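Which chain is which? They are A, B, C and D, in the order written, and residues in each are numbered from 1.
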Amino acid sequence: MKAPASGPKAMATMAAEEPSEGLRKPAARKPNRTAKSNTSSVAKRPAELPKDALLDLYQTMLLVRRAEQRLSALFADGEIPGFIHLSIGQEAVAAGVCQALAAQDSIASTHRGHGHSLAKGVDLEAFFLEIMGKREGICGGRGGSMHVADMAVGMLGANGIVGAGLSLALGSALAHQLRRERRVVAAFFGDGAMAEGLLHECLNLAALWKLPLLFVCENNGWSEFSPTSRQFAGSLEGLAKTFGIPYRRVDGNDVEAVALAATAAVEVARGGGPQALECMTGRVRGHFEGDPQRYRDAEELAQLPKIDPIPRAAARLRALKVSAAALQELSEKVDRRIEAAVARGRQGTLPDFQEALADVYTRPSTSPRAGV
Amino acid sequence: MKAPASGPKAMATMAAEEPSEGLRKPAARKPNRTAKSNTSSVAKRPAELPKDALLDLYQTMLLVRRAEQRLSALFADGEIPGFIHLSIGQEAVAAGVCQALAAQDSIASTHRGHGHSLAKGVDLEAFFLEIMGKREGICGGRGGSMHVADMAVGMLGANGIVGAGLSLALGSALAHQLRRERRVVAAFFGDGAMAEGLLHECLNLAALWKLPLLFVCENNGWSEFSPTSRQFAGSLEGLAKTFGIPYRRVDGNDVEAVALAATAAVEVARGGGPQALECMTGRVRGHFEGDPQRYRDAEELAQLPKIDPIPRAAARLRALKVSAAALQELSEKVDRRIEAAVARGRQGTLPDFQEALADVYTRPSTSPRAGV
Amino acid sequence: MAETRYVKAITAALADSLASDSRVILFGEDVARPGGPFNATKGLLEQFGPDRVRDTPISEAAIVGAAVGAAMSGLKPVVEIMFMDFTTLAMDALVNQAAKARFMFGGQCSVPMVLRAPHGAGVNAGPQHSQCLEAWFAHIPGLKVVCPATPADAYGLLRSAIDDPDPVIYVEHKALYGTKGEMPEPCPLVPIGQARIARAGTDISIVTYGAMLHTCLGAAEKLAAEGVDAEVIDLRSLQPWDEAAVLASLSRTHRLLLVHEAVEAFGVGAEIAARMADAGFDELDAPIVRVGAPFMPVPFAKSLEAQYVPSEARILEAARRVLA
Amino acid sequence: MAETRYVKAITAALADSLASDSRVILFGEDVARPGGPFNATKGLLEQFGPDRVRDTPISEAAIVGAAVGAAMSGLKPVVEIMFMDFTTLAMDALVNQAAKARFMFGGQCSVPMVLRAPHGAGVNAGPQHSQCLEAWFAHIPGLKVVCPATPADAYGLLRSAIDDPDPVIYVEHKALYGTKGEMPEPCPLVPIGQARIARAGTDISIVTYGAMLHTCLGAAEKLAAEGVDAEVIDLRSLQPWDEAAVLASLSRTHRLLLVHEAVEAFGVGAEIAARMADAGFDELDAPIVRVGAPFMPVPFAKSLEAQYVPSEARILEAARRVLA
């Protein structure tokens, strides 16, 4: 589903090194701080993506969309316990940012993390199994939608605590920096999370330590049932500027724009130094499934389909001479993958209580995957 | 020691109303939000203070200085338990800001709060008794230097937790606003506290709710044993701007400048809307008494006497034709007050354990002073 | 006397407190316009206006700190933290400020605030949205902690908490919001620190609180069928807790079982057991047994959570051990 | 075998861990250039460089969160929180992130971090700089908690904590920093979860940890003079704690006294007492008695703090009650 060798990711000039366990040079004193911070705008790039890259992004967005639509139906049917937060309409952010990252790069996500997970390459079946609460789920059914994580692909976890992923990403970026790995971490957070003090602390630390950290604000205008305009008097732009962190704002429903801006930001961050990217988007569904959104304007809701990132990308692809048949085929392929994953999810077994209880702490026999 | 009817305080056009217990108009829906926020500079004011006002400030500074010098000696002699943080060299901030406040206004302070306490009018004897751990102390000897508080004069407490006073001040300002009291709260914090996320949260809330809150950063360049330049990549100016909070920076060792800027800020805040004031000063003593400050440059330390706010104010007073004899008399008067307070402190009795234990919760018989 | 839902009892208590005391104000995330994430504050904005019922940004530390400051300045704030798990973000304000202000300022002020915090599992909300952390607060001198199990107690304890001059942590159980129970009209206040005998009995004292009360009452019925007459004590307040009531019950039954949903280890039950192993030692005819959650985070999957939350079966098994 | 100060043992353990494992890094407020507020990290910056030993701003929440993230990414961070009271600002990272990551991610990662936190009174630091909050952490599945009383244990437990694949709260006592004790060379690691019989005896088991060990040993000597042979158990680890060792001691003495500096109510001793009132019930010949701090914030004044901290006299009085 992802093609690491193509698209904006391929534009990155420097390939990431292999991860190592410890610090490579324990005696070395200084992290790589050569790359200059710059608070100016987007690096010079072709304004448009090559067709193949766009096709990749389209496919990722479609995968996320269809997966979430399926989750919505499964939830309504009682096949998913707990509650789920969908990112429908926001897929361009996940797709664009994750395509800008290399496989060895990592992300920290939020409660609304399905798109981030799938775009970063979490296995689709293990993803459905998890959200459906099955033993074969990526987290053994212990975490569910709000805690999907896959260390193997650098997905450090969705998070049930607003803002918490920021400091985890900060620490992960510190590990990369100290090991001289040239790996980047992207920390997704919502506009609502901007009110949390942790953002301030992480901006400061990332700036002080020149960490390879990309702050990605997925600004959908809402914080649960309240518009963010009534919640936050500041701006990410202003904060970034205050801390000397280069900032970019993009139309978060234009997947090309997101991918290009993210690629540019990631490239700078890889050299050392945090970057901020704000993606302006809109929340289509309720805060969680089952939320009837009575607090929202009919007018606002009516606008959302018009800026849907998926038809927009499709139109661009058609203009680039991708045939309707090809898009249709792709769509069907995605649907088949989803249905297979759902089927697999249903076949999953129930997690065993004793097994879970025995896994609160590391046992000599359990060997966690290498850290990412 | 303070003359509420003179000085910049007297310039305030609006007298604060009397406090009340509950909300005055429970049915009213909107707080007073008429006063316009403005992010521009200092209001037009005479650039110099009248002589009497300056004399008041001088006296306050002298009181703080001598009190702390005395505390330093008492501490060295083992007459003070725990540890104490002195504000020697920073007295102009406490004096200038507190003189800009009306008696009904309140302050929240820090671990380095002696100056704030005395400038706001905490009784000198009760202050010494507290720090010496006596039953007659303002807090019964239960708090000590780091927890001096006096609700009767609107001193909401020194605080052992860096940054914590900010949110207490926020809540107090909310209470004033809701009761339509036109009372202002000044929250003192150090430059080190700027790294705490709580500052961000409080700036946002104060801006959103247009609270009568003055953020006073007492920037002495140090955060314990580390220079703040290695601790904070941002600036209060930048943060204030981001949140739309008017910001002023002053020479914190020029008591006139502090008083004028604070008076201007307080006046705007009283109309509704937070203000930020950064006072640039320097820490003369160690982080706490007993800290030999080996981590500091001899050169930096040598500069400090040259910017000492007290001789500077004295020189101005002499230029305003205050006689050397008058200043000498004032100095002797302050010394006499201090010595009397120390004597009283020594006479204080030891707090009773059972009495303290019985006062963890409110008993029907204990009637706390009315809230401030 | 009418049937009311637990969540409605909370709303009623808030409304009555707002109406009767102009110092009472409410704030928290989505509590005003949206009426609260669990609808506990529905209609209050409309009734009392935006000065007294307000939405806040997602800033738990500042919100709770502001409540402390407002309380020190004469208001009576009631703040909501959406899930008890998020009190982790506001511990300084609660523990270092609210709990200590009265004492460390020599009694100059008190901090009459209430923190409402929903706890508990049962809705598959996973490891960060289900914890029962009340033991933390009960360990802190200066705080009070209550945890109602019924609509009448939800009302009566919340009114008492708001009236109280000191800071009170008011713990609600998410899984109880929709449950119904009798609520007298007018509904009396429930004094903080007073337990209730929810079922009188002579053979064993089952001491519990919150949602587990109902599971314990179910278990008591099963025991009755086996010829065992269990007494069920609903603590209602955890700090202070009603030591006299527990001791009196133990003195009647000589057997003690403690039940709560919180993790058993270092939980509230430990304190009750420890006190009874001292003050009640001579009354004990059997080991004191506890039933609480196992030592693991609250798991998400239905199959796991169902086994995580103490069940009637586990309580019965434990009771039989006490009775053996 | 040489005499070493407690604080130097900590420094030595940090240095040896840094030297032997390149994944170990240290950070915290003033731990690098200044060498730590209590000198525990003195010389380590010079020895290991600024990549591995670094000062942080006053941002407890982000610091501890960063430790979690770094640990998930393969490092072994040791962070210092200057006073245990300030962990209130980092509870989310500890409780919702560090403690749960391994479990809720299905064992994909562990979080090999250590949080060093000085607790305790005795230096008149007042209500916000003296608390003993270890019971909070012991209540959280996923965390481990240790609390050394001697230089040898300070060394051995810190090395074990750093080696441990899971998050460990390492609690130091401020008043112990300057105390001296034997430290063998090389100093062995102390396994987490293993108590130590600090004084063997037959008449009463006194179970304690941290600074109170020394007060308990003093009390035991006084008891010996009265003809009572007390056994003193130093728990060393609080989560997991050595239930077998306590039970074995109780089975020898049949009398149990629990002592700690933390507030007695809902403290660590409650859990030990509760377990022994269950698993050890048949061994008990007397009430289980606890000695802990009274239910009040830690007071500042010398006269108050001196009475606040459990004294030899209070321990003796309690022991006599157990022995009566």
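Keep this in mind: a contact is a pair of C-beta atoms (placed from the backbone, for glycine too) under 8 Å apart; a residue touches a chain by one contact, two chains touch by 3 or more.
Remember, it's a predicted structure, so these values are computed and weren't measured experimentally.
Listing every chain that touches chain A and chain C alike gives B, D. Set side by side, B-D and A-D show the greater C-beta contact count at A-D.
In whole angstrom, the spacing between the mean C-alpha positions of chain B and chain D is 38. Centre to centre, using the average C-alpha position, chain A and chain B are separated by 45 Å. Annotation: 39 Å between the Cα-based centres of chain B and chain C.
For chain D, residues that reach two or more other chains under the stated contact definition are 56-57, 59, 61-62, 85-86, 88-89, 92, 96, 103-104, 126-128, 141-142, 294-297, 299-300. Among all residues of chain B, those that touch two or more other chains are 141-143, 147, 159-161, 195-198, 201, 204, 208, 230-232, 356, 360.
Chain B contributes residues 19, 21-23, 26-31, 106, 108, 137-143, 147, 149-152, 156-157, 159-161, 164, 166-176, 178-179, 197-198, 201-202, 204-205, 208, 356, 359-362, 366, 368-372 to its touches with chain C in the complex. Residues of chain D touching chain C in their complex: 61, 85-89, 91-92, 94-96, 99-100, 103-104, 126-128, 131, 133, 135-136, 138-142, 239, 262-263, 265-271, 273-274, 276-279, 281-282, 284, 286-290, 294-297, 299-300.
Of all the residues in chain C, the ones that touch chain B in their complex are 21-23, 25, 48-52, 56-57, 59, 61-75, 77, 92-93, 96-97, 101-110, 141-142, 144, 165-166. Interface residues of chain B facing chain D in the complex, by the touch rule stated above, are 81-83, 133-135, 141-144, 146-147, 159-163, 192-193, 195-197, 223-226, 230-232, 295, 350-351, 353, 356-357, 360. Across the complex, chain A is touched by residues 195-201, 203-204, 207-208, 230-235, 238-239, 241-244 of chain B.
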